[in-house]
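Each chain carries a letter (A, B, C, D and E) given by its place in the written order, and its residues are counted from 1.
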Amino acid sequence: MSKPLRFKKKKHYALPEPGTTPGFVYIDGNSLTPKINLYSFSADTFEVVQLQSLRDITSKTKNKDLFYWVEIKGLNSSELFNVFSDELNIHKLVLEDITRTYHRPKFEEYDGYNFAISRMLRLGEDSALENLQVSFIQTKNVLYTFQETYEDCLDAVRSRLKEGKGNIRIGGTGYLMYALMDMIVDSYFSVLNQWSEDMDEIEDRLLSRPDKSVMYETQLVKRNLIAMRRVVWPERDKMNDILRTDSDLISEQTKMFIKDAYDHCVQLMDMVESMKEIASSNIDMYLSIISNRMNEIMKVLTIISSIFIPLTFIAGIYGMNFSKQDPVTGKVMPDNMPELYQEHGYEYTLLVMAFIALVQIIFFWRKGWFK
Amino acid sequence: MSKPLRFKKKKHYALPEPGTTPGFVYIDGNSLTPKINLYSFSADTFEVVQLQSLRDITSKTKNKDLFYWVEIKGLNSSELFNVFSDELNIHKLVLEDITRTYHRPKFEEYDGYNFAISRMLRLGEDSALENLQVSFIQTKNVLYTFQETYEDCLDAVRSRLKEGKGNIRIGGTGYLMYALMDMIVDSYFSVLNQWSEDMDEIEDRLLSRPDKSVMYETQLVKRNLIAMRRVVWPERDKMNDILRTDSDLISEQTKMFIKDAYDHCVQLMDMVESMKEIASSNIDMYLSIISNRMNEIMKVLTIISSIFIPLTFIAGIYGMNFSKQDPVTGKVMPDNMPELYQEHGYEYTLLVMAFIALVQIIFFWRKGWFK
Amino acid sequence: MSKPLRFKKKKHYALPEPGTTPGFVYIDGNSLTPKINLYSFSADTFEVVQLQSLRDITSKTKNKDLFYWVEIKGLNSSELFNVFSDELNIHKLVLEDITRTYHRPKFEEYDGYNFAISRMLRLGEDSALENLQVSFIQTKNVLYTFQETYEDCLDAVRSRLKEGKGNIRIGGTGYLMYALMDMIVDSYFSVLNQWSEDMDEIEDRLLSRPDKSVMYETQLVKRNLIAMRRVVWPERDKMNDILRTDSDLISEQTKMFIKDAYDHCVQLMDMVESMKEIASSNIDMYLSIISNRMNEIMKVLTIISSIFIPLTFIAGIYGMNFSKQDPVTGKVMPDNMPELYQEHGYEYTLLVMAFIALVQIIFFWRKGWFK
Amino acid sequence: MSKPLRFKKKKHYALPEPGTTPGFVYIDGNSLTPKINLYSFSADTFEVVQLQSLRDITSKTKNKDLFYWVEIKGLNSSELFNVFSDELNIHKLVLEDITRTYHRPKFEEYDGYNFAISRMLRLGEDSALENLQVSFIQTKNVLYTFQETYEDCLDAVRSRLKEGKGNIRIGGTGYLMYALMDMIVDSYFSVLNQWSEDMDEIEDRLLSRPDKSVMYETQLVKRNLIAMRRVVWPERDKMNDILRTDSDLISEQTKMFIKDAYDHCVQLMDMVESMKEIASSNIDMYLSIISNRMNEIMKVLTIISSIFIPLTFIAGIYGMNFSKQDPVTGKVMPDNMPELYQEHGYEYTLLVMAFIALVQIIFFWRKGWFK
Amino acid sequence: MSKPLRFKKKKHYALPEPGTTPGFVYIDGNSLTPKINLYSFSADTFEVVQLQSLRDITSKTKNKDLFYWVEIKGLNSSELFNVFSDELNIHKLVLEDITRTYHRPKFEEYDGYNFAISRMLRLGEDSALENLQVSFIQTKNVLYTFQETYEDCLDAVRSRLKEGKGNIRIGGTGYLMYALMDMIVDSYFSVLNQWSEDMDEIEDRLLSRPDKSVMYETQLVKRNLIAMRRVVWPERDKMNDILRTDSDLISEQTKMFIKDAYDHCVQLMDMVESMKEIASSNIDMYLSIISNRMNEIMKVLTIISSIFIPLTFIAGIYGMNFSKQDPVTGKVMPDNMPELYQEHGYEYTLLVMAFIALVQIIFFWRKGWFK
């Protein structure tokens, strides 16, 4: 981890002007052109075709014996949303939520269809967290999904659908929607696992050679955890809302699976909270390590200064030039520094110095400063 | 951001004397004279006139095929409120709440009308947060709004009304009230976005050249966030109260839009809480940076002092004037500092000094103090 | 604010012996002798008389066309409470609560009467917070109030009663009780306003010339806020209990006013919590200012020591007395400090010293220590 | 308060082996031998006898006109518990709870009897908190109580029972149980009061002469408060459970008294939380005082070092021995330290030193370091 | 406790690929091969046999007069789980939960059987916390348990079953499941007790000779407490779910025992929270001890430096070589350091030094720095 010491700035959303008509479908000019796939399937059949537009989608999905998944990747087309509002009678507030891609996960029932939002989390380059919206419109026979990017984490569901594994072809649009949501929640575990490994690595550094980066990187993980918590809490609430709905578009069998996804959300919340507590505990340890280090530095300074400063003073005393005899007048002043003219004066002085140093060393030893 | 290091003091409300009659309409002498606009509209028609007073307002709004919006800007007129209490039978506690402009957002049902309060937040000069009250009285055909200032953030709604976009002319007073409230909530996002950009700028400074202003400005943002939270929490509760009301002045269609505004409030709370956590995390980082810097300063001091103080002591030793021969009596004392009279004594001494310095440098190197 | 650095000690209540009979009326010998006023009023009439005792109170309040307010100030009379228990059949636990004046605000319904407690907060000398109990017994026609002191904050209600303003004479005992409680809650705003001004003043000092008193006084305000929160939370619950009661002693019209007082309590809680957060933020800023100041002090010490200690060492070197010639034997030792005997040796040494100082100054400059 | 710096270790309960049969009555060999008193009483009669064992207790308590209190102090007898399980049909889980004396307060209804636990708190030697269990089995006519020690805080109830004060003899076993529980809760106030006085004393020391013991003793009080909170919260829940029970062993009259005890628990929780906040605030103040003191120490060091170190350097300069004339060759070097040979050189040097010192003193003065 | 300074890394679960079919039974290749025991018992009979596989388990457990416990240790067999899904019709999501052994405790009702998860906590080598899953499938007559390891903490239940103590053979599969869960919860107390003793030992060190390890080990205990809290909270919820179920597989008698286990969970939560608060308080004390120690170190440095630096300066003054007479020209300069040539000059200087030192000592004494 040798990232530059810089937090990835979060995208400041290009908010539409405040006060636009509620339900105004906002087409972001920088978003991707839609690619549309139509999956038709039943227990025994499976087919995918790519559509150029959604015009006449009603006629293409009219076979009541089949289920359909209309997958829309890229939202840069107002014509697309006109089909939903004109042909399929989707409420314009729903369409607004699909195009403003920064909503919390939620589940809402409307007349004849359900609307849901999930958020796809993944680690991009530099381990920066990407947070993308996936929207669902579920009718009796057709599931529409909307996402901002072409690539995603849903390939496993597509191949299960193609191979007809498990309930995926026979559970209807409700089970398919569950399978996609569950896939998204499962991918949170991978992200958390990556962070958990990062934290282990940071922790190793904290205990072996702590430096500024420990603080910085721990805060980075903590922020990511805060971001994930903001997604997982409403995700759990969403699952709960689906569990409690009496919409006949969600079967009781599917709800058993939703309960399982709900369990996963609770588990994720547990993990996020634990990791946040551990991050905080590491920050506290880092701060105490800094304090301890300061103590150690000060001890070295104090021991050396305290021992040598008094000795230097004594040396300074006997470096003074008080004169025994006036050089001009020749007057003798026997009281001026008689020590200098005594035999063994130097040796006695050195002994006194050694004694002073010893006393101090014993004093510091007793205080435990040499440990 | 080169603000003076000073928190903007919050207005200490000129509270009316405690113990005034409950429902006493308090006219603040410093507030603005009312300007009154009467908007009359239906699906096909639209008209605005400016009124001089509200006398006979009942007769001016009696056409049951039209909806009316009576917009009152500036509250400095007791005559105005007399009309409400005498002609329109508005409860005096409602009028008190309109004139004491520091209430939390709320929604209340009364006999024949609904009463609601929103708070308009905006950044004034010096990025100081202004927090203004907008009050609503909604009857079947007429919506009365009250605000403290002439200018506001509601022009977009006025032009939608004029141009007849969306539901605004056909949704009745309930939808119009929603549109105004939604507009106000939307403007919170702009304010939050501004703070988010401020925090990014502060954070850059924190990581590149942290100084006292980082702490100060982060605390400033944190306070603003606290103030916004105080507004957004009850705003959300208000939206919820409107959703749950069985007042026939709020239609089911309007409630779908209110649900959308409720979502926005929840999103705002999410954002406020996240930003507060990030602000706290930045403060912690700032404090750890200060501690680290202190460590660095102390290391320089300790290294230099510890190396030179002992050397200076040695120099001091050989600067002493212990005499080899008494200048007066001429007595020779060979034990007094014989080193001074040895050939190469000086060079040996310099070597000893170099050796001591080297030992210390190695010691500090090993401790990692040069990193 | 030049208070002595000392927290006002809270009164340690003279608790009656644990294990006294429940419902034991505790007469504190230090409390005040009761003064009793009897207010009789109807829409058109008003009269106050001072009573010597409560004996025969039933006969004095038997006119069903009038309402009565029996105001008792000072609780030092067991005879007084005997009247309540014998003549008026008030439960002895109620009387115990009235005499033990440290109860949380509450509202309780009994057979034929309601019982409520409010707490009067006011700033005494030295801005110390006084926290006094006001108790209410409300029957159909008579309101009894009990307070510990003769002076209080209720005069405004008394004069409204005398002048017959608003509903005060026609709303019955329920409205009168509300008016008194509302008056008490209103006075909390004044107290909070005082603290808010104190905090502004402390904050100014924090940002201009912070010293120990900032910490101390902020903690003082914080404690007062904690004390107020302890009163406001149960006060809000009390208002809510009154709103939800089905006692026929509280009319629906009065409940609309109670709802207003409830709003005020919520607003107070908001303000208390915000002020507490601001106080905490100021404490954090104060601590970071101390840390910054320490950094500044250490920088001065380190710059001066680091520059001069090596120079002093060099001066010390050339202050050594290594001898070029043995004074006794006359032996010449050309290696002993030849620098001292070179032309311009002194000047070169000064240049070396200047160079060392310069290098260090550049080093510290680069580290940004001169900013 | 001159306690040794040592927290009283909490008792590590001699847990029975995990996996013993649920309902296993654990007789702690170190506990006390039971002493049993049988109180029989009615409105007019009162008698106490000491029992040797509980055999035939049914026949001794069969008079339906009397109430009985069987008081058991000391639990070291398995025979005792056999009577309860065999003769009185008490559930073995109840008996287990009575003998494992570390349960939270609770109230449970069983077939024909109620079971409750209270915890007796008291300050032992060294102000250490003792936390003892009192258990209650309440039938229509008989109340059994179980406690671990012979002495307790319940004497006041015993004497009220003997003297027949208040409801104690006429309220039945329900009221007697209430009276005992209320007595226990009342004693918490005394304990809290003691701690409150301790905290006042610590606070005085904090503000006058803070030392390590302030931190230590505040933490000690905080721990005691945590321990009390652990008891008071479930105690409140217990009172609430009794209030809501429809057991016919608890009369409505008794419930009015239970409501009073409930109020006391809420008040206790209030007090505990406030005291905890004050303790935290004192710890914060203590830490800021330490920081301030460090600042003061560093200021002294920096002022003295910064003034004298440069001066000493100058003195060191003129203490160098650069020679004006080579002692051996006699060569004159006029550039070597000419200052030494100038008239008034010494005085000018002293003036320069004084000037440097003055500049620094002014610099430090301006920084406010002398305040 | 001389552990290496290293946190035990938590196992990063080998997550199956995200997007696998929901209900996919994941067989971890590193897990243990199943050992299966079949216990058959009634009030009077008891038998254990070891099974090689679960094929035909239905025929082996068909005697309606007996209860059966099928104990499965080690989960490495997909054939095993096929039996459950094919012969016993267990929902595949249940089997997935059994094989992914990192679930929170929970209780779920299915058609004809109940499913529950407990977590076994125990201290492994180095006091590291192991956290293992035990799963239960309970039908009318058969209880299936699944655990990851061969050894566990359940032997006491096995021997009670063999010896027929208490209700264990007559309470059916519900009571047996309770007994196992209760055993597991009981073992948490042992673990907590161990940590409590660790904390006592750490605390002793904190108060006698605090070093880095105190911080580190306290954080270690805190993390373990966080991990235990993550287990105990959902365990309590699980017990509550069992209490509220109307499944006829759990009898009312068994629920009384479940209530007891619920009590234990609440008690555990209490203990965990208290211990966490104490750990935090110890960390705060440790940090204040470090700060105090720094103060002490700085005081020593400051006292010694402040006393000797000025004295050394004075010695330096009189060590200067300002000349009374030019050695070359012989010019006399009487103003250059006349002190050096005065009788008793040396003695006066020493007196001045002693005076300065005395003044400083008194100054520091007054500041209380010698205490």
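A few comments on the model shown:
Simple rule for what comes next: a residue touches a chain if its C-beta (ideal position, glycine included) is under 8 Å from a C-beta of that chain, and two chains touch if they have at least 3 such contacts.
To keep track of the chains, here are their UniProt names: A, B, C, D, E = Magnesium transport protein CorA.
This one's a predicted model, so the numbers in the text were calculated from it and none came from an experiment.
Under the touch definition stated at the top, chain A and chain D share these contacting partners: E. Between the Cα centres of chain A and chain B there is a gap of 24 Å.
Chain C and chain E have Cα centroids separated by 39 Å. Contact of a single residue of chain B with at least two other chains is seen at positions 291, 294, 298, 301, 305, 309, 312, 316, 319-321, 337.
Because contacts link each chain to exactly two others and close back on themselves, their graph is best described as a ring.
Chain E meets chain D in the complex at residues 153-157, 160, 165-166, 168, 178-179, 182-183, 186-187, 189-190, 193, 196-197, 200, 203-204, 207, 256-257, 260, 263, 266-267, 270, 274, 277-278, 281, 284-285, 287-289, 291-292, 294-295, 298-299, 301-302, 305-306, 309-310, 312-313, 316-317, 319-323, 326-328, 331, 333, 335-337, 367-369, 371. Listed in rising order, the residues of chain B touching chain C in the complex are 5-7, 9-10, 12-13, 15, 17-23, 91, 93, 96-97, 102-104, 106, 209, 211-212, 215-216, 219, 222-223, 226-227, 230, 283, 286-287, 290-291, 293-294, 296-298, 300-301, 304-305, 308-309, 311-312, 315-316, 318-321, 324-325, 332, 337, 339-347, 349.
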